[in-house]
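Chain IDs A, B, C and D follow the sequence of writing; residue 1 opens each chain.
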């Protein structure tokens, strides 16, 4: 199958199957790719330590102020979306709880909301 | 009156598909399939769709109806709770005409898993004796009518036509679970390959759309675990 | 026309070919579960418990002299990079690239993975064994 | 030119079984089917398949001979007893074979194939796999054809049978995908195209069971036998006419009228009740309705299986429950099912002997489209699946052997003649100047047969039916123009099949009108008694342009002398 066809199929599949499984699948993919990219960014940021503690502290100060401070909330959201969904499908596969996948999804959403509440509290107040 | 938005495409004439609108006189209890026949018989005899048993057992009339893959014969218009019925063909297969798609690949994938009992005998003089427990292991796995809803809804099937698909994987478990079948190892190896169970990303769309309310997701999950233990065992020994 | 042939034909897929997909999937799940634990601890420790600016001292004080934290981050780096790139690989093969594209992409992932791992180890090393901070 | 040794038309149970058997002879076998084999209507069969396996505690002394007796009695002694005996004696081994191929039959406590009681049978003899026996059998046989790499022409529609001087040379077929018409040459052709249920409007049959497969040999000179015997299944859900298996009653379900009374006790003995043969139960239900004891404005009666309990229903009748929930919104665990009789089976069909051979050399027929005459005037539940696999096997065997001594000459004049003839026919369709709507004709035909050749028949109504069908045939000649398309022209398919509908209907109506007695499913109010002296004979309908020419042939009687049919 040509890549363009495959990509357009993916797009159509998302549009034609508007259900919980599709949304969590798409989110899982997107957050996964974002996090894979973030690992590299993170290592590059931290690599400032190689030029000494001062430059490390400076670099970290830079990425913790202004817009970056708020982006970090987003980062935590992305991490937990990927993590909770990953745990959910692992549990479904390993324990054969496929019939409960929606219940598990609601459970994940609940945990996610709790974590985000804490995050907002910590970051904004 | 119900408005039908029907996907129309004749590859020989049309450059690209279009949606065509028909007004269908809706009687109580009318199904989407009957609606399509109403169009064929009264409004446009060139409309194409497959149908046979009209009792949700042959699997001919699977299509995408109002946001989900369903069997047209089993879907009553009033249950859709909408003034419009939008009908599209099953995805991931080449469109032959209108709602009729080429299911060659769907069946080719099924044939790849050797969908028959692998057992060259000797056979007992009468039937095989099978305990109730052994027979229970086949429950639901054998009920698949091969309509193609799950295949159309599966995003993995959309990106790679070599992915076996939920239908073929569920059939595999049916044979692995059958004590009459002697091909268990071979089957497990086959579904552990790149195009097999591990291409499944646990999206649950197959379970969501199955018109017979089967659970291919569960079959795939069970196959995954079997495949993992089998591989680990082979690596250790 | 083939009739009454033995169907106990040899397996179409040799055993070796099944190992990579199976292990890729399995290790992805296992590392995923571990990473979930690590990341949770990491986020809680760095952001939730003691909020405020993260600087060298704070990180250094925690990791220096603690073999446990060292092991924690060592595993974190390796598993994180593996999990991330393995995930990217599974997205790539979903789109069924040609044999040559597949080889190239795989090499690229290995290259980035190893580079990132080395870099990560240097950073970890830097965070622990940089010259002793005079303030301590 | 495409050519094969044995060409099988129809991918249902009989066709698949014939293909598997013919392939054993090391000959080139192919199946032509207008739908994919797993879409065949055999898959809709629910209840089970009869064989004297004696697996049930209550059937310890069951034998194929007793099975043959029940079948013959059920047929109201019109069945050919030699064929019946052949079928019942081959039944056990044929079923064991499907078990070896993996058919997932339900099991008894000691691991054998489970059997349930069915109408008209002296013992619990019907082997079942929940209530989807047909589906599982169909998939099992299809799997075998995959295993044997049998070629399937999928979505090819056979539009004519090439017969010249009483020898069959193959078929003309349209590949629906490309709309191409071409001959397929074959040394032997087996028709396994199923029934003609869609002649009626109120039918449990698939939309594809149009009788076209009976009409083609009929035009080619093979007579249709016993077409007037149409089985009405007692229990089909109202509105959609989808079948509720006889297994519902086999498992212990009740039939109840508006007084809440199990009315079957008024028609048969207390011992049999709901498990009388289908013709009797269907007539009883119709009588209840006619005499004002129906429910819901005298439209239906109730099939009540609530007392079986949820566990038994979910285990043995899950498909029934699904159908009720999907199509009626009724949960049979909690509510009774509204049912009425609907056309279900054509006992008649292409006249074939017990080797499935016909009057045309090299042409065989098996399954519902054939009339080997094992069902006579009324088929017992569970015997149709048995007929398909037993006579499918026999047809495959004899056809496979027959082709060994035959040379296939693809230069034979018949191919050219028939191609020209069929092309001419198609062009007339594409260039027609008429204005008759084919779907209107179909509707009128359905209404006519529902009304006039139903469960209870009278001289007057059947005369009307014969007349109406004649008029409809006239109208069919003036059909509107068909739009030519490059692929999958469904309109053409329906229009061609309408001709099959009409021809099947004319043999049904004519045969029924001529038969002045009541026998099995053919029940006349003006001749209410069976008349063995004059009418214990098969009807043979030969095609003529004006309408069917009826002849009669004797019934083969071996062990069982006709007696009064009492249950």
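Note that contacts are C-beta pairs under 8 Å (C-beta built on N, C-alpha and C of every residue); 3 or more make two chains touch, one makes a residue touch a chain.
Not measured: the values here are computed from a predicted model.
Looking at which of A-B and B-C shares more C-beta pairs in contact, the answer is the pair A-B.
Here B is the chain whose Cα centre lies closest to the centre of all protein Cα atoms. Distance between chain centres (mean CA atoms), subunit C to subunit D: 62 Å. If you average the Cα atoms of subunit A and of subunit B, the two centres end up 32 Å apart.
Centroids built from CA atoms put subunit C at 36 Å from subunit B.
Averaged C-alpha coordinates put the centre of subunit A at 15 Å from the centre of subunit C.
Residue positions of subunit B touching 2 or more other chains: 114, 116, 159-160, 201, 224. In subunit A, the positions touching at least two other chains are 1, 6, 93-94.
Contact with two or more other chains is made by residues 147 of subunit D. Residue ranges of subunit B in contact with subunit D, taken from their complex: 10-13, 29, 40-42, 45-60, 74, 76, 96-98, 100, 102-103, 107, 111, 114-117, 119, 121, 123, 125-132, 135, 138, 142-143, 145-146, 175, 178, 180-181, 212-213.
Residues of subunit D touching subunit B in their complex: 35-36, 38-41, 43-44, 53, 92, 95-96, 99-102, 104-107, 109-113, 132, 135-136, 139, 143-144, 146-147, 177, 206-208, 239-240, 242-243, 319, 322-323, 326-327, 439, 482-483, 485-491, 494.
In the complex of the two chains, the subunit C residues touching subunit B come out as 6-8, 11-15, 17-26, 90, 93-96. On the side of subunit A, the complex with subunit B involves touching residues 1, 6, 9-10, 12-14, 16-22, 24-25, 28, 89, 92-94, 96, 98-99, 101.
Residues 112, 114, 116, 118, 120, 156, 159-160, 162, 182-183, 185-186, 189-190, 192-194, 196, 198-199, 201, 224, 227-228, 231-232, 234-235 of subunit B are the ones that touch subunit C when the two sit in their complex.
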